[in-house]
């Protein structure tokens, strides 16, 4: 890069006409062709709050590297000039560009800043979930099993979406969902234990807690660790998150060696059956009431997030949202003032 | 009856050989025929804790009245002698018998003592539900709507089952279920209002409460008031409890006249959609998140009761219960000590 | 407008090069961008028989008003010159334009002339339906109920489609469908009353007639009164036309006060159950034979219209039509000469 | 038989104590065993209006022939004494018995008198159907095709049920159903031809008539000719009535040789598709509007008969019938006086 | 037992009036009550070819031990007298009786002789299956995995049914089915490898073989080892045979340590997906062609056995069998001479 | 054409700049419009291995004939110059063009060379299938029936796809599929005849062979004989290949006159039922075990081809293919080196 370095800035804070160095995600790279046959690329770079176009013409300097090296979903450090076209909107004129390096990462570059992510602090959520497991699971070996799995999955929990498209589809969504489900389960198991004090066998509070915390732990292995648009892993496709979670429990319990075998069996059962029906993804039906609590807490939490996201994003003027493709319906929002 | 009246007793407290006056439900009346062609009736009388047989032979004194007048499900005052046959078990020898009268009812006869009923005190539950409505629903006209409906349905809520066969199938079950669902909804709406503070429109706590309290209010009209084995009413068959509940809300809101029309519309919607899908009994799909909360609280509560009842009654020696015909599966109970 | 007014004409009667004043529907308004970045709008105006384009360039005089004020589905009075481009077809050059006013309407402007509508005279059809109700429904209060509802819905019946996409999707289609179903029902109930003269209860001719006339009356409230592409109303989405129709009957019967309650109950039932199954839109199953007649007459009439429309519009050369997206199949039309 | 012959009588006209000769159907023959191990048969003979029992003890004279020769569903000429037991009801004491012979048939014995059958005169119905075909089908070769098939199937049409259990399950029901469907179709095709006068191709009235008359002609081969409880034939099981009817049309058209091939193809299509969906029994979907008319006329007529039969037979005291096992619901009949 | 021991015989070889010692299965033990109220048991003992009754009256010597100790499904050594009652058929008069002991087993008592079992020699079948694995699986570690699992499951394979009711429901049926499926798979994989020689990746013959041999290995753990009417185990109910088989493969592969991980993953996949759809019992869909071969070979083999068994057992006189409750249809057998 | 004829070449062998005469299929003809309103056509000609574009501008010489005469799916003889544009790829400049004539066909033009077709020699496959029928079907009249049908369908078998989109969708695919299924069936029937030697009736090897060879013979009439993208025929739409095949068997058997009627009936049954369920296309369920063999051999063969084709064509870099639209899933292919 040139001697007098421009300042390091954030794309979304730049003023029209300003030149600076900034990190961006290459969100889109589409090939087109002009009427005279010359190819070009329309590239779209963005950070979390702004997206700007860069046209790469075949006779400009960036064509070859764009064609052969740039990848959608990758991060770049750009030196460029920002402008706003009256019709085409935000534009970048690239002066220099290179992929992000490990040095950048050590210097504080964080890919999560460039994608949609949970509104909550992931460290605080993880600590909260950890403390719930620590304080609420009475059976010592079972508690250790849960904590071991939390510990080993902590990075993925903090960065993965709960699902790629349906619910909590953003970084950290998996942790946010898990924590919410666990809180709901804690309330419900205490409620129902109170209502059925003589049940034999009694409702197992430890099992419900462990089931809530671990019900989606398999999702940490179902998707890879790409920050922008993670993909299914090989084992994710072959097994799915339900079997992956159950295997994690089974293997870890074996490794630890001291968890009561019936507890392990029932915890595996809660995980296998928490989607309730084969056509919804569970190979076995719920055979214990603890499973019902995890199922309903999970299902409600996922749907609440979908409804809330649909309502939040909708721009329609009518009292109903546009049709949500996942929900298959138009939600009511009333005539907001 | 004879001059020296025998004492008034309870069937389930009688000793073999004892004679007394007692109230019973005629639970079963089956015609049979002996090998020589003579018809007879096997009758089974019971109170809440004991059931005893009475054979009515064609040449005994009770045959004609049994054949022409006695009805299954009706209550009788019996003067009789109680015995226990080594093979056939508890027997009654009827000395005198007549249907229960209004005088009996005024003198304290209570049909509910003869059928299965909720473990909880119905007056206490009703008061609790009332107070929840009173204290938790902020919108004054909506609160008055809910209280008016509670007031008018109080007798039925306290005596009806939630359903005849599936869940809470016992007297007072409807109130027990409604109260439990309301508590769950109260917790969940506060939880989710906290998690989505910026939702537009915000989660409507009043609506969730009102929906929870009234979601099954139509069941007070779906079944008649027969204490033993209530039957569907004509409007119950033509409309079903979902439409009946929605009509009660609509009519009462009109009568009161001051409830915000959008609130009435959304409360009707929660009731219509709380079973979530047409094939599960809801003519419309949920279009607001409040409906999700009522649906999941309701569904979980019904299933928990079914699981708990299945586990409580099971006598199988194996670690699994017998197949529950409603659930369509065998639950796990472990090897109880 | 200018002093020497051009003549008032119809768009579809104009000659190339002719200038005139005419009413049009703005059927399409799509934003585009030229290669140099300048935006433009492609507008399409039409009356019932001709559609003509008007390009609104960003540097022409109409751009701003087009961008901010014109709405698809609205009607305008245009002063313009008509031409036919060899490649792009019919074109308008707008000289002046303003939205249609109430004065226009009073002066005879009729929006229905600009959209697809029933082949039949709506006044004549309405009179025929009215007379059927008047002459064929014997029970006086029931007849009055039907006539009251017809009277109050007359405007909507005459202008609404029966459905927006599936069957009779054109103005007045709702009335055309209702009349046709009523005729069929009249024939069928007489036929089956003759075949089952001893049926107890006998087939109720009045009920069948009333059910036929009112089975889709809820559709008058399900869609709004936009002439071009009507939209679902709020109550339409929350309740659907089946419940809306049943409510109209219930409310009007209460208001009138003299209809036999059992008749009202059965009429509501016919409406609720006339789609026969929950997955087809009826919350309850048919419990009386009268309902079968209305269901089959309705279903057949809707399908006949769909088949006839598919056959009428098809332009394929093969002996089968193109695949009809609603019917999901290709109809046979033979090798027409 | 003995010299002084008793009079020939009808079982249902006999007086207790009377002896006579009469024809009966052996409706039931069940083996039992007494406590001492001796086997016996409970036989039940009946004519159309009365059923009477005959106990065949192992030490009586009829045991061996009952065990080895008598068949349920067969007809017998019996000389016997009729009695009415106070408990067991009508009894026969058999003096002599032999299977019905061809001589009996020639002497006027008619098996149809012993089973449930249509309320209408089968000869009159057949004549009416014949005349409809003759007068209403304009295309001469097509008309001849229909008449040929009617002629060849006349005996079966007059004696078979339309189906063994579901609708018109009685002798002659097939003809009664066919005639009713044909009348309905005649009305509907004229109605819709009038409503769609410009349809291309126009509604083919001849095809609708022929389709109505022949839609169930395959049922004449699906069941055998046993008067009491007919059984499925081999070809009936392998092909079903839909394919059997279509084959009859195809074969007969080939034999006659002069029917327009497109008409034959379309008539076959109406028959194949008249049940509308694969899961309802039609291998192909309706591709012409004529098929819709036959489908709806057929479906409505079958259901009307099921509803009427359910209502006619019901003995319940409540305003609803007992649950009809075929319809899967309880119909409403009101509180009959 | 008495001094002069009667000979040891087989029940099905005894002559009426003969007394002997023999082993039997208690196939049925049903409590009844006489008219005078005295209880009794009807017991039915059998060996593979004969079943004989023993009435245990309340005043006979065996009542108490029958009531408190005898269990259906258990084996006994009986000293008794055999007779044939003209009405009630084969009878035993028990002189002495005791449960079978380990000494009996060592002395040659084999429970399998008393239940329905495979027509083939289980040792020969096992050897054949072993040799197929040994000779046909080329990959050494994979072969060792399969052989290890065969070795450990050999006893269960030889004695269990393939399923309790649906297909191969007899002792050794599991092995017979597995061997048959393996042979079919061997043929099919060679056939399709020949037809698609260039497929990338090529069809993996080893995988198909291993999948065929192990696809139902989980059934060795799904049912317990009761010879007569085996019951589902706890893990059988919680996991089902599909997951049990996959776990066996996974665990054994880990234990052995040298199988290629991708091979293990694909072998697990074949097992998980061999039932093809969630609603048929597979939690994942087939993603490799090898799985198709195992699925079709398995499905065909199970159905062929069901058809063959239905045809073999049928006693109907008609050209069709009685309705098979599992197949839900009547098979054609023709008019056998 | 001009005097000095250019050489006759193949499109896919031409060098840039070369001029020649060659046969092509017009694979695509799409109308477009330039910004100035002038229409043009983008045409795409191809032979089996190369596709090249030809732009037809409105002011060029070929516009009118292109607009009025050229048809997609037709073959043309072209004299033209071949070029390769750096951006737009292969181009043709048409000098002369005319439709292919019968003379061309006689001179060796073969349309099959221009479409995807089976990898195998169709003559060799047909001979092999013929010989299988000749040598393996023991019953002489049945064998003659099969050979007659093969003979009459030989041309279509050799050129049609098995289906247009799902499996074997290429010329000759129908024969390739039929031969493969027949081989599998031959193996399976011998296998199962060996395993069930005592089955009554025994497995009929002739029937299985005939069923395998003829199960899809109806497809020769379901599609027309267009080489490129064949269309459904009228009888194909009305009857479908299952009924068409069964009719071919029925008619030919009648014509030949000597085939055992029960064999014909069972062969028709195998064809009608070989898709196993109504929702999969079979109007009747399999009632004989022979049908199971044909069904499974057919289903497996179709699916193997779909999997193999999906794997062969996939270009994705990941270990899974792109989602196959027919299979509805992504297959695993591993990380190919």
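Each chain gets a letter, A, B, C, D, E and F, in the order it is written, and its residues are counted from 1.
Keep this in mind: a residue touches a chain if its C-beta (ideal position, glycine included) is under 8 Å from a C-beta of that chain, and two chains touch if they have at least 3 such contacts.
Remember, predicted model here, so these are calculated numbers, not experimental data.
Touching chain A and chain B together: C, E. Traced through touching neighbours, the fewest hops from chain C to chain F number 1.
Counted by residue number, the contact pairs of A-B are over half the same as those of E-F, the matching pair from E-F, C-F or D-E. Between the two copies, chain D and chain E, the Cα superposition rotates by 120°, quoted to the nearest 5. Annotation: the chain B:chain C pair of sequence copies touches via predominantly the same residues, more than half of the used numbers being shared.
Comparing the chain pairs A-C and A-E, the larger number of C-beta pairs in contact belongs to A-E. Rounded to whole angstrom, the centroid-to-centroid distance between chain C and chain D, based on C-alpha atoms, equals 46 Å. In whole angstrom, the spacing between the mean C-alpha positions of chain C and chain E is 66. Under the contact definition stated at the top, the residues of chain A that touch 2 or more other chains are 234, 237-238, 269, 287, 320, 330, 332. Taken pair by pair, the chains that touch are A-B, A-C, A-E, A-F, B-C, B-D, B-E, C-D, C-F, D-E, D-F, E-F.
Considering their complex, residues 33, 37-39, 231, 234, 237-238 of chain E touch chain B.
Against chain F, in their complex, chain E makes its touches with residues 180, 183-184, 187-188, 191-192, 195-196, 198-201, 262, 266, 269, 285, 287-289, 292-293, 296, 299-300, 303-304, 307-308, 311-312, 320, 329-334, 336.
Against chain F, the residues of chain C that register as touching in their complex are 85-88, 318-320, 330, 332. Those residues of chain A lying in contact with chain E across their complex are 234-235, 237-240, 242-243, 247, 250, 265, 268-269, 272, 278-279, 281, 283-284, 287.
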